[in-house]
Amino acid sequence: PPFTNQHYSFLLNSLNMANQNYKQVFSFFLLISLLLSDNVSSVQKPLDLKKPCKNFVLYHHNIAYDTDNAANATSSTVVNPLGLGTFDFGKIVIFNNPVTTDENFLSEPVARAQGFFFYNQKTTYNTWVACTLVFNSTQHKGTFTIMDANPMTQPTRDLSIIGGTGDFIMTRGVCTFSTDLIQGQKYFRLKMDIKLYECYN
Amino acid sequence: PPFTNQHYSFLLNSLNMANQNYKQVFSFFLLISLLLSDNVSSVQKPLDLKKPCKNFVLYHHNIAYDTDNAANATSSTVVNPLGLGTFDFGKIVIFNNPVTTDENFLSEPVARAQGFFFYNQKTTYNTWVACTLVFNSTQHKGTFTIMDANPMTQPTRDLSIIGGTGDFIMTRGVCTFSTDLIQGQKYFRLKMDIKLYECYN
Amino acid sequence: PPFTNQHYSFLLNSLNMANQNYKQVFSFFLLISLLLSDNVSSVQKPLDLKKPCKNFVLYHHNIAYDTDNAANATSSTVVNPLGLGTFDFGKIVIFNNPVTTDENFLSEPVARAQGFFFYNQKTTYNTWVACTLVFNSTQHKGTFTIMDANPMTQPTRDLSIIGGTGDFIMTRGVCTFSTDLIQGQKYFRLKMDIKLYECYN
């Protein structure tokens, strides 16, 4: 159980009363101890979204395979859409995309984004994505994984960060995607605003 | 480090001794401070399963695409079973299913369940599922993601809730699935009993 | 907010001053209470990697389906590689593999590993994996899920454990994979060194 304001108040009161009535203080603390000996029920606390323990922006570049660009392609459709609607329902894409600190996809990558996404809506373009950022530089070694619905037609969307390893061991948080640039079927760039709220390293 | 009963006892004892021996108290606290300055080793505490911070029941409706029902279908097989056994091993289904607060699939959806599942057993029907509930109503905005094995032949099965965004930011918990109704290959309804044990909003 | 050394110091100082100046103590505590009444900003603490709350080693056996071994096969390719490079980019495998406590794949399984992986690199063998360990023995009932990039050519690699149910409810941690044995395309064995840092059961 976390140490709350109520506990502080108890201590405060106890200190004030210390010279007055030791026995009363004793029984108060005994009561608290008994109450606290229960199981943990659950964690319920508001999170200050403005104060992540780590916050940084990265750019994610996807170059789709079109059978002619094997040298440059970083992602490919592996299951074709099935014709349920006209928004690619059922299409699955696997990727291993470079991740950079600026918008230039020729910049030295600081990570690779490895994962897949698929289209799952009949009435608009909408994807579900699972993606691990793999860092292997002098600055960062480790991974963390993003997974969530990705309603691409919205200007920004929040996706869950659910775990990590190495420098990002056990991390959790939120990644805000915004589609920075789309060039037809060939290339898109995502801005990823990464906010970690649990940092253990 | 969490504030435990032991710490309370120390404080309690310290208060009792306060007028007797300040130096002893001082060294006790110094000892505690030194002990607590270590790294966090790990979290080990029992969870009272009867006290989630949020608990609600939703119904998940899956209408399978059969090539004739494009208007109504909400899910579709995208990879066919490969013939390893007779329980659909290898079949992959992508869905975007309505989620309602009661059993009627015509009720106004409160969320969409977006994700996929696949069959992975030779000897019985058994799936593995990943699924994000996307809430976009006046009551709730946000997402959380369920992921786990789903042994469909058992009357109830627990699946992990691993993260979320918006109203469900960083949430974790357990979702108990029970198959409410199956109508051949065309329709099934899942009851989802959602218990969140970490709530930050 | 966790109870830190700073809080201890405050209390310590307060106790020391208790008989000297009650009003000063009072205002100090009032200040602390006000500071602590803010929202939780984030969790930032180092994790002692040597002290998991649970640590055990399991072996994961994968027998690939080759159309002739339906009786023994525990995994199968469900989407074939697409020819982008020569390292199986795009190949998806679904598995339901036995997990044992020793290296012998004929030992009584203590769990099944259910999930999928896919190849996602043009220049070497590299996979991304999602996998739930399903325990159903007298010793353990429950599940936990592993998910991460799996750079198979490295001797060891850390993967995130992101959640669980039953005996492993809400668990988190890291699983270190090492490829123990490969027999061509037919069989491989993974050693899984499982370290849980959040245990609620």
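All chains are identified by letter, namely A, B and C, in their written order; residue positions are counted from 1 within each chain.
The definition used in the following text is that a residue touches a chain if its C-beta (ideal position, glycine included) is under 8 Å from a C-beta of that chain, and two chains touch if they have at least 3 such contacts.
Chain by chain, the UniProt names read as follows: A, B, C = Dirigent protein.
Remember, it's a predicted structure, so these values are computed and weren't measured experimentally.
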Category of the chain touch graph - line, ring, star, complete, other: complete
Interface composition of copies chain A (Dirigent protein) and chain B (Dirigent protein): same or different, split at half: different
Chain centre separation in whole Å, for chain B (Dirigent protein) relative to chain A (Dirigent protein) (CA means): 16
Two or more partner chains touched - positions in chain B (Dirigent protein): 2-3, 11, 15, 18-19, 40, 45-47, 79, 92, 130, 147, 162-163, 197-198, 200
Interfacial residue positions of chain C (Dirigent protein) with respect to chain A (Dirigent protein) in the complex: 1-3, 7, 11, 14-15, 18-19, 22, 25-26, 29, 32-33, 36-47, 49, 79, 82, 84-85, 89-90, 92, 118, 120-122, 126, 128, 130, 147-149, 151, 158-163, 172-174, 197-198, 200
Complex contact set, residues of chain A (Dirigent protein) against chain C (Dirigent protein): 2-5, 8-9, 11-12, 15-16, 18-19, 40, 45-48, 51-53, 65, 70, 73, 76, 78-79, 92, 94-96, 114-116, 130, 132, 134, 142-145, 147, 162-166, 169-170, 196-201
